[in-house]
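Please read the structure below before turning to the comments.
Labels run A, B, C and D following the written order; every chain starts at residue 1.
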Amino acid sequence: MYDFEIRHPPDAGGHFNGFGGKYAAETLMGPLAELEAAFYASWEDPEFQAERLRLLQQYAGRPTPLYHARRLSEEIGGAQIVLKREDLAHTGAHKINNTIGQALLAKRMGKKRVIAETGAGQHGVASATVAAMFDMQCDVYMGREDMRRQAPNVFRMELLGARVIPVDSGTATLKDALNEALRDWVASCENTFYIIGTVAGPHPYPLMVRQYHVVIGQEARAQSLEQFGRLPDMAIACVGGGSNAMGLLHPLRDDDIRLVAVEPAGYGLDGDDHAASLAAGRPGILHGNLTYLLEDDEGQIKGTHSISAGLDYPGVGPELAAMYEAGRLELETADDNEALQAFSRLSLCEGILPALESSHALAAAMRLAAKMKPEQMLLVNLSGRGDKDLDTVMQKTKEDAT
Amino acid sequence: MYDFEIRHPPDAGGHFNGFGGKYAAETLMGPLAELEAAFYASWEDPEFQAERLRLLQQYAGRPTPLYHARRLSEEIGGAQIVLKREDLAHTGAHKINNTIGQALLAKRMGKKRVIAETGAGQHGVASATVAAMFDMQCDVYMGREDMRRQAPNVFRMELLGARVIPVDSGTATLKDALNEALRDWVASCENTFYIIGTVAGPHPYPLMVRQYHVVIGQEARAQSLEQFGRLPDMAIACVGGGSNAMGLLHPLRDDDIRLVAVEPAGYGLDGDDHAASLAAGRPGILHGNLTYLLEDDEGQIKGTHSISAGLDYPGVGPELAAMYEAGRLELETADDNEALQAFSRLSLCEGILPALESSHALAAAMRLAAKMKPEQMLLVNLSGRGDKDLDTVMQKTKEDAT
Amino acid sequence: MSLDRLKNCFERCAAENRAALVGYLTAGDPNPAASEKLLDVLASHVDIVEIGMPFSDPMADGPTIQAASERALAAGTRMRDVFHIALSVRKAHPAAGIVLMGYANVAFAMGYEYFAEQAALAGVDGVLIVDIPPEEAGDFTRALKAHKLCGIRLVAPTSSTARRKLAAEIADGFIYYVSLNGITGAEMGEISEIRTQVDALRQQAKLPICVGFGIKTPEQAHAVAAFSDGVVIGSHFVNCITAHEDNEPAMLSELDKTCAAMRAAMRKGGVGED
Amino acid sequence: MSLDRLKNCFERCAAENRAALVGYLTAGDPNPAASEKLLDVLASHVDIVEIGMPFSDPMADGPTIQAASERALAAGTRMRDVFHIALSVRKAHPAAGIVLMGYANVAFAMGYEYFAEQAALAGVDGVLIVDIPPEEAGDFTRALKAHKLCGIRLVAPTSSTARRKLAAEIADGFIYYVSLNGITGAEMGEISEIRTQVDALRQQAKLPICVGFGIKTPEQAHAVAAFSDGVVIGSHFVNCITAHEDNEPAMLSELDKTCAAMRAAMRKGGVGED
């Protein structure tokens, strides 16, 4: 099911067709080189891989199931919708695949402390989780605004022994938390490992995080063949930074399968209240890599909006930008309301509460499935569970009632 | 891994060494007979079993992992503690094993409506979940007091399309919800299937729910042999009604393994503020079966207390009573504080937030492991995840701080 | 003795061309002292007094009788109060049938044998335990028989032919036909359907057949009286207590009136039958 | 031209037996008009003016300079304001070195070529982009060279020997040695350690070496001046703005005093060295 070949690697500088790279402060160039060397060495080390797989299976609950949503597919009357159940992974989202990999690498590099940025709190929780297991100190940067919105995840992190550090600068959300984590790392890189939460940041992060997540697509591919005797016609995932998307789609890249990324259209693509970096942005440089960004005409990064905190980010992983420009990635968007409707529909039809992030993928999937034939198959990455979003949905339901 | 033999069946009347039986109102005796026949027939039906297994695997995420808690074991310095990760099952607890089974049976019996009682809300959520998937109407009875304490689970059920019906009678908690569900069923049995949430109630429920949960122990047994080349020396589970306990322990009953049930000692066994039916109760008749109950000298059922709503029940499944009296089940208790400490310890040591119910099993496990040797192995049923308990723990933490 | 007394009740009624009136109140509701007086009033109207033993978890009862149980227990009612009340009814109404009704755990907690002994000493004629079906009744029935108490059996619409036969075989005193699938106090079922069922049951059972659950008006009672041997009224009588919280004289007088009206409805034939 | 001017700055300082004072302010802070005056004051004291280009996400800066960026952007500062301020410094202070400092995306959004052209027209001598390391600098360096602008390079304590050599090779104007692993405004590292590093760096680089990050007092500045070619003061000057919100005269006069004190500390030898 799993294989360790690094397919479609970036160039030596970490560029995917020009995107990506290492746009970092000089202080970080040394640590990044060290990290890169350690990553490649560990990737070739069978013991490291065995331990990583052991934890993915026995700790994180991999493989996650592939589930044919029969009732939903029937109601839609188009393609068969099949869900990759990352919502069942430990801590409730795909994020744990990555934090297990990075924490193991941190341990191998002898780092006693890890830091992370978080928006919705899922990556923060996944980082705090592995830090607890590996007995490492863990500080998580989180925008003060996000801390308010996602209070239960803040408490989860604290229960796991992590310190959550509020970030007040800028828009006090995810991008500012990332800035703040980078500032910490510049000063602490000797003893600290920075666990980035998505396929962004300077090389080798986008590659590394992708490699830690390709288990999703590798499993889905094998499960699809085993359970249905075929591969899907289309695979689809939501995109915040793009880690769940790359995890699912990258291993399917060389197959004859349409690959679709879904960006959050927030209140709509007309104004600025969305976070659709590929659909509405342009190439720029932020957080260590060259990629599509939402920015003004002078390169100032824009504030974003999405109902799902995990997609509320003005950039996108560089490899997605490259695949998009190469025509290997189709683009869809779903706005707040469509995501909420998809959330509700999956809950009512299949008894699964999806994360609001994943609900974006579902919204687009339902739209696309309706135009496909019942003998076709559409694979959706259900990247996380919706329990964390209950407050948001509850509030929205209340607002709509009045 | 799985087998379908019904081991240690009750007698024809549903008695386990005198415990159990069918102490039901005459109106229910017909429906119970019908249910019994349908259950046995379905159990022999390979198609039914295949569909049940398919859903357990592809929908609920079975097998759940068996995880060696290395850091915790090391810190304790005694037996190796190994966790059966029911917390990773869909909806966050073992409860889904049972609701999948019963909902499939309901479908087979042509029932279009299901009802359920719930305390913590976990069984209610698991019932609402399968009802959504099978397109059945679902009404869940829940004590008004529990609805207040477990508001997020109430909202989860509503999102899944279920109606949550508040129960004000008696103590307005789980036992009263069960009374109310029975009252509904008496009036609605023609078109309604009552999904009981634990190994209690009139025959065939204790047998049926046990059989739907033995996948837990069957998997754990096979995984233990595969991962560690041996069986555990001891297996341990918390007991509310006893479904997660029977699920884990029953398949190990014929092995040379010590089996331990952990009851909630609440504020302590001295007063009435606990729910340790086996440890502090005596045989009596409630909710359709003869079993150990917490009652006064005249058979009036006592109010109970446990910090974990899922253990807050004055009875216990009859088969546990029988195994206890036969000496095949050892008894331990853990009070509220011990459970909270275990909750915190597992969170900090292993990055796993356990349900407060499961924390009782963990508390006892840590105590017992400390007296065992490092080459011994102790298997704990981690019956659910602690996310649902954040409010309780947060409040308790706040109280302790002041 | 007990067997005879219930038999006599039905024979007396038959002779008077009416159905027996079976009246239920929960012992100790709203408190033991008031309850004693209420049951005295009840017994002065009905043929058979059904005395409810309060229980913390009355699963087969609707809100009215649940609340009665809660009031009785809150007022400190214990089994000795229940037996005391039964005994005082017995003393004041030597010919009345007295039946204890309740849930298994109360009898089980006392021990079936001791329970039966105490019931017999209190002058009780029969016992109806909602959640001890024939399948589980072995020890319990033996204890009752040893003390010459009737084990009353329920038959429900859902009872199979085999179960009806079984009930008919092992029952003593009378058969209690539950007129609806549901709990006490719910809406009564279709009269014609109940009649069909009762008529059919007569083919299997030689015992008198009483019909209960959900009968609330004299009109309903009269209609049921036409084809049954007895009519059980429960929630409707308990409501006399509920309606006059803390006002004992009002309870007593309303119960008196309500019982009288029901008693009048027991005659066979006449207005209600047209 | 530009290459020469920076070179001349350092030669002049060397002749005067002092280190060059390099002073940083964010362009447009607290607003474009006030900023123009503040930079004029700054330029009247320092040898090299470092003009920060405000950016929404200044990842390498501490709270002081972050806030400066936020103030400037909130006041509507755009790149044309940055260039306008540079040009007015150039006009009033023909001999001053002028260096633009900032983040990649601002230059990238303009296009490196157009950015370099505009900078050159504004009389800028050199550019330092925090997040364009040598590895990514190809196009950018070419654009600078085409307009005779110096590409300033940073060297950090974490920079490997190979990287130091690389920086020395491709840098123009001067080398900026970051005296600590951290962000602007943090606590300065150990003086002796910094000295060791700078001395070693001299073996690899022929360019002048300036030291910055965390220097806040004239004493620290004086100590660093002893072994470096230039001392960069940033957050300390920005604090003059922060301390007098909305009071422009107070800002200007405090900046004037603060700059003078730092300028005095630049002399080699003397009190600070004892």
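Convention: contacts are C-beta pairs under 8 Å (C-beta built on N, C-alpha and C of every residue); 3 or more make two chains touch, one makes a residue touch a chain.
Model, not experiment: these values are computed from the prediction.
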*Of all chains present, which has the mean Cα position farthest from that of chain A?*
C
*Separation of chain A from chain C, taking each centre as the mean of its C-alpha atoms, in whole Å*: 67
*Calculate how many whole Å lie between the centre of chain A and the centre of chain B, each centre taken as the average of the chain's C-alpha atoms.*
34
*When the C-alpha atoms of chain C and chain D are each averaged to a single point, how far apart are the two points in Å?*
98
*So which stretches of chain C touch two or more other chains?*
none
*For chain B, what residues touch not just one other chain but two or more?*
none
*Indicate which of the five shapes (line, ring, star, complete, other) describes how the chains touch one another.*
line
*Chain-to-chain touches, reported pairwise for every pair that qualifies*: A-B, A-D, B-C
*Give every residue of chain D touching chain A within the complex, in rising order.*
55-63, 66, 70, 73, 78-79, 103-110, 130-133, 135-136, 153-160, 163, 167, 178, 180-183, 186
*Where on chain B is chain A touching in the complex?*
57-59, 61, 64-68, 71, 85, 87-90, 92, 128-133, 135, 152, 155-156, 159-161, 227, 344, 347-353, 387, 390, 393-394
*Mind listing the chain A positions that touch chain D in their complex?*
13, 21-31, 33, 169-170, 175-176, 179, 182-183, 186-190, 283-288, 290, 293, 295, 297-301
